[in-house]
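First the structure, then my questions, so here it is.
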Amino acid sequence: MPTLADVIRELESRYDPRWAESWDAVGLVCGDPSQPVRKVLFAVDPVAAVADEALSWGADLIVTHHPLYLRGTTSVAATTFKGRLVHTLIKNDVALYTAHTNADVADPGVSDALARAVGLTGPLVPLSPSADDPRRGLGRIGSLPSPMPLRDFVRQAAAGLPGTAGGLRVAGDLDREVLRVAVSGGAGDSLLGTARAAGVDVFLTADLRHHPASEFIEAGSGPALVDAAHWATEWPWLAEAARLLTSGTAAGGINVETRVSETVTDAWITTAKCEELTSRTPGLKAGA
Amino acid sequence: MPTLADVIRELESRYDPRWAESWDAVGLVCGDPSQPVRKVLFAVDPVAAVADEALSWGADLIVTHHPLYLRGTTSVAATTFKGRLVHTLIKNDVALYTAHTNADVADPGVSDALARAVGLTGPLVPLSPSADDPRRGLGRIGSLPSPMPLRDFVRQAAAGLPGTAGGLRVAGDLDREVLRVAVSGGAGDSLLGTARAAGVDVFLTADLRHHPASEFIEAGSGPALVDAAHWATEWPWLAEAARLLTSGTAAGGINVETRVSETVTDAWITTAKCEELTSRTPGLKAGA
Amino acid sequence: MPTLADVIRELESRYDPRWAESWDAVGLVCGDPSQPVRKVLFAVDPVAAVADEALSWGADLIVTHHPLYLRGTTSVAATTFKGRLVHTLIKNDVALYTAHTNADVADPGVSDALARAVGLTGPLVPLSPSADDPRRGLGRIGSLPSPMPLRDFVRQAAAGLPGTAGGLRVAGDLDREVLRVAVSGGAGDSLLGTARAAGVDVFLTADLRHHPASEFIEAGSGPALVDAAHWATEWPWLAEAARLLTSGTAAGGINVETRVSETVTDAWITTAKCEELTSRTPGLKAGA
Amino acid sequence: MPTLADVIRELESRYDPRWAESWDAVGLVCGDPSQPVRKVLFAVDPVAAVADEALSWGADLIVTHHPLYLRGTTSVAATTFKGRLVHTLIKNDVALYTAHTNADVADPGVSDALARAVGLTGPLVPLSPSADDPRRGLGRIGSLPSPMPLRDFVRQAAAGLPGTAGGLRVAGDLDREVLRVAVSGGAGDSLLGTARAAGVDVFLTADLRHHPASEFIEAGSGPALVDAAHWATEWPWLAEAARLLTSGTAAGGINVETRVSETVTDAWITTAKCEELTSRTPGLKAGA
Amino acid sequence: MPTLADVIRELESRYDPRWAESWDAVGLVCGDPSQPVRKVLFAVDPVAAVADEALSWGADLIVTHHPLYLRGTTSVAATTFKGRLVHTLIKNDVALYTAHTNADVADPGVSDALARAVGLTGPLVPLSPSADDPRRGLGRIGSLPSPMPLRDFVRQAAAGLPGTAGGLRVAGDLDREVLRVAVSGGAGDSLLGTARAAGVDVFLTADLRHHPASEFIEAGSGPALVDAAHWATEWPWLAEAARLLTSGTAAGGINVETRVSETVTDAWITTAKCEELTSRTPGLKAGA
Amino acid sequence: MPTLADVIRELESRYDPRWAESWDAVGLVCGDPSQPVRKVLFAVDPVAAVADEALSWGADLIVTHHPLYLRGTTSVAATTFKGRLVHTLIKNDVALYTAHTNADVADPGVSDALARAVGLTGPLVPLSPSADDPRRGLGRIGSLPSPMPLRDFVRQAAAGLPGTAGGLRVAGDLDREVLRVAVSGGAGDSLLGTARAAGVDVFLTADLRHHPASEFIEAGSGPALVDAAHWATEWPWLAEAARLLTSGTAAGGINVETRVSETVTDAWITTAKCEELTSRTPGLKAGA
């Protein structure tokens, strides 16, 4: 029967921990390398609902994209949701393993799956290639099969990504023709300048805040921006990671069953539309 | 005729620069204290569209909430949008003045206007009071006239805030009864712990990203979260600041005309809804 | 039945975590506050042999002086002895709690027990009193019942401390009359200057290395030094902490059974005597 | 007649100061390069007893392993033992020279002499080779002529090292067969992980404290540990350094007389055995 | 008609901004690359008198050696002399451009012009060559046509540099024969050790203060020192930079008129001689 | 006979080392507190010429204003001028003592003597008072007996200060009437802003470099500047310190003879006048 060590070996042949950023925390969080593993659940976030899903299904291992403890902890007491998760997992013999920035920069990695989900075809290259290996890196640049208005690309991207309350937010001219597209799973504000320098027509990423986004648009002459839910941009990778694990272990004569979590771990559950400014501004002209 | 120095004196009686955070950059950005000032435009962001509005109207001074150069610059050459703005303003004798964190912590300040806009009544107290003066501080806590479901509060808040593409995003149980509400104009992630400790029922702020928001919700036992556009949470303050300036200068026998900019400087112009996960997940069960 | 929360409340009435140093990591390391606790094992170090002792005896809680993770960890995987310990404890419902520098500075604290073990009588005062509360602090100063040669004090201290391979090491004149004695449980090199300034006759502590110890002796005019095993200087406190817990909980109508671990967790198991220099130096006079 | 400059030139051909660590302080501490030097005393520590020995013998130069001022000083006033030493040496025309980490990493260096003293035969290689020159580095790895129980190796090492009060302390199974041995003169805690990675059977060094030593042993699967007095691990090098100086200067037609100091500068003068825990524990079972 | 962009391109072919130090602030400070430029004024310092000179002459661009804002600013308000300068320049369509440490290390650069001005002939090499390109670097070393007493070199240097109140200050033996000379425009204290190591006979630079200069002289065995006004050591470069710009643009078929500012921007306007100590010391012998 | 300890006690009653800046290095540099002291030489700098003067006169102690080792040293070998000084002094039983920033802020201190030397009368107050004791602080502010043109004040100051090659340098309008004067012995650039804020008419100090001085003058509306030799501004204090020591020790029944060094330790020995710009500029108009 396959052990956790066998599964980790296969995962790390794809997502080598040495490629993780220095500030990151990847690898095995809890579990014993010698324990048997038959069922593996893939999820974006290590949270209680995902652990419940794992227990219901009988998973032996959860592989998440986000670390449980990105910063070190000196306690796993069941006084926080993270400590309660550790207790639940250890008591139920469920291991937890994280592939984070090492999965981001892998070839193929998190942004490859995102690129395919939003309809990019043909070859993909890193948006920010690693100095040590240019086939690896953060983000991906690819092309659409043919130019289309930004408006149509947004519809296509929305159709390819899993649903969240906020959906996609768009900045730029909806009639602009777009062909070359950069995508980056997760928070992409640090790549805004790189995306501009790359000369792409649109940059799709997540967690863009007011100052980076509005200064980027104000500077002009750069790509349009599409902002999705952080979770939604990373979720497409789970299926690919699961597929690679099953095929990789099968090639070694080992049978591992995988499943992708369907729990939406985006925080937002609904949205509400605010008043249009034009309908209420007369009374606000303070100086009148 | 009133001078820029006169207007600054009045503004600083309300928004004393000594109350700005040490990392902030408030006060006069360009202009000469001895120049005359008759018309003052109030806006959230110092951007080209706001400068155009100022020139069309004939403003002598723009007062913004956000600094043009939060970090120091060694050049104002017209090779960036910021440098171009400086050239436009100086050539047209339009001064630029910023009241940022000193306006946030003022009494009344940015979050007081936000609190009233979303329907809080009665007394307001700082969410994070200043150690030096407890009437000042970041954010405000207040109450609704009577308890209501979160769903209704969100509708009411949406009706009170100016429209942006993204509107409001909500995390929490929509049926939860809420009464005590904390609000904080602008990016509020640093106040999440404070809001939990304050025991409020809902916290409305802006620019919340995946990790702070989802870990906050996962930890449980805290307020619901409402996330608005950064711009929309600060815009309500402009009318109040304008009113205080006109009344303050009038009391000193000086006539200054004010106007609140109606330019929406939020980056996002539209949204798109993604696919519901349930309708597409069968094919995604990678391990099946 | 008493819960872990009840026991922690009693422990923290004696060893308040707020008195721990800022770099320290005290409190609950694993376990759930709502779990029942009937048997508590006290030990210096959180190691496998101590966990075995706890399991054999049926303990629900181990209280140690040393933290398991003094520096934060991002993994408790069973790939290190620390992670294996966490798995063993959680799987067996044994909680782990640490009282470290908060126990050092408590009144009475770790060095009070050490002082009594080596024969100090009468009142004890902190060697390095806390600025906030002079009854607390690191180390203790006390007196012997009457002056005695250092040689005799060393014999008495050796008789009062639990046995380790290295025993006590002594620096100073064995015939010196000593009366006032400073002691500090654990590594005491940072207190050498304080002990000299205090004008005591002898300073007993642990983990003194060559440079601090030999420079201290070379500087002259200070106390003699006695260096014990780190473990041996902290072990006497365990019995007192156990006694205070049982009496404290009993006063609240709760019955908790305690035991002091007898596992010697000092690393050294034996010693060997080197050659006297005088018997071999002729051949070593290289220049002869 | 040879000058101090001549002797320094010869010493630095063996122990080039450029190989000292960046934090170290090696080279000439006091003395004038033009002064004559006929007699050179080698010692581990620059202390008063060594200076007395130098004066009695009529030495013109003391070469020590340890720096007098590792951290910079702004005063050499005779108000500290170090300042008094400077005054004594300068007034008596005795120069002081230090070869510290540059002697540690030299080939042959401090740990080569230690390796031979404890009975290693055959080739020696650095435990932690320098990236710039793999023949240099901290510590040495070598082999015993044939496998022997740890117990016998300890006896042999004890017989080869100069006597100190504490002798050797041993952690590990005394019956373990050992063949490959790592040694490092002086405090060796920073090399514990390197020694484990090197796969040696035993690591002999000095100044090991409780936490590094006990965590190392608890982690298992590594070498046994032998801890000697810091002074005793570095003293064997003195004879070699003296021999190299006399032969080196003789080759240049210069006659320099050398001597190795026999002053034991380890701080500890005696030890005392503590009580065995088993004979006294009944009364200590606090919970009984 | 030539644009500012054309002129900048020519300037940067000589003084590439990538060669500026990381702490420096070079390039365009204000102005628009598309504005026409016919007349260019070169000056050491960006001050009001230089701006007046530019306006009188009808300059479109001022090129200075010193940055206006070496440290970043968050305001260019006309409340400081720097902000007033920015307003004056922008309102009058005069651009400001800085070439500072990139001009220092250029080949030829600031110290080449200084070397020629003080009479060095033959080839010049950098005093502190850049690791990346040894033809570039700070300072220059060259030779006099033949050896001469320091006294004569000082007279010659004084005749070659523009007049300032303080003139030259000299440290060293006026009768010393000097041949090899190092010069460095601007504050040269950081190059004192380099000048000594280079073995030159005299080092001419500016802004030397008491401690660096007097410790350098006290150490002996180094070059004589000549200290000039900071402004005077950099002014000679202006003519060369102007000449290179006119010839460079002419070669591209563009006509640009240049002028070197004659405004002395050294702070000091006069000097006064103090009393000779010998004439007044009797009364000062305090202990008499 | 008085000992060094006696003299130090008296000096520190005036110049308490606890008032020195944290970065400073004051107190005894070499010598033994128990050695006899009959003759004390006061000087600004600890250099060889001052040591020669001390030996000629038979001094037992040199008191200097400047530290020998402001930054720590790990060697006093006679390979640098500082080490040679230490050897000379120790071999000749001459102690060295420094009173630096503790003498600057003393009441009276270094700048009081400077103020009197340049003709200030009436009460003196610190330019930058200490927060802990407002009678102490850096620099002094005082008044002239009556207003006079800056030109006359400069002449008067020049007459009162000991002669150096560079004399005084002046920035400001020579016809300006001056009455209130700030002075600060030694390098005063850090006090420029304080002097402006104090509203004085002239600020006399030393070691002013181009950027601080020219930016200060360019900013306008502040005091005129007078820059003297660093040495010349501190020398007047020596006589007062000597007088206080003799009277203080005499009051205690101890006879100590003092003398003020007349060695000028300013680095510059002569000056030379550069060419007036007007006489040579025609050929320099590069663009002509």
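In order of appearance the chains are A, B, C, D, E and F, and numbering begins at 1 in each one.
Assume a contact is a pair of C-beta atoms (placed from the backbone, for glycine too) under 8 Å apart; a residue touches a chain by one contact, two chains touch by 3 or more.
Treat the numbers as computed from the prediction; the structure is a model and nothing was measured.
Enquirer: Using the touch definition from the top, list the chains contacting both chain C and chain E.
Expert: A chain counts here if it touches both chain C and chain E, and no chain qualifies.
Enquirer: Starting at chain C, find the fewest moves between touching chains needed to arrive at chain F.
Expert: The fewest touching-chain steps linking chain C to chain F number 2.
Enquirer: Chains touching chain E and chain F alike, please list them.
Expert: Where chain E and chain F might share a partner, there is none at all.
Enquirer: Since chain B and chain C share one sequence, what rotation angle in degrees maps the C-alpha trace of one onto the other, as a multiple of 5?
Expert: 120
Enquirer: Count the C-beta pairs in contact for A-B and for A-C, then report the pair with the higher count.
Expert: Answer by contact count: A-B.
Enquirer: So chain D and chain F: same face meeting same face, with over half the numbers shared, or different?
Expert: Over half shared, hence same.
Enquirer: Please compute the C-alpha centroid of chain B, do the same for chain D, then give the distance between them in whole Å.
Expert: 65
Enquirer: Between chain C and chain D, tell me the centre distance in angstrom, where each centre is the average of that chain's C-alpha atoms.
Expert: From the centre of chain C to the centre of chain D is 30 Å.
Enquirer: Could you tell me the distance, in whole angstrom, between the mean C-alpha positions of chain A and chain E?
Expert: 54
Enquirer: Take chain E as the starting point, go toward chain F, and spell out the full loop of chains.
Expert: E, F, D, C, A, B
Enquirer: Touching residues of chain D toward chain C in the complex: what are they?
Expert: Interface residues on chain D, with respect to chain C: 39-40, 42, 45, 47-48, 66, 80-81, 154-155, 157-172, 174, 186-187, 206-211, 213-220, 225, 227-232, 238-240, 242-243, 246, 256-260, 262, 264-278, 280-281, 284-288.
Enquirer: Residue numbers of chain E touching chain B in their complex, please.
Expert: The touching residues are 25, 27-33, 67-79, 83-84, 86-87, 90-91, 95.
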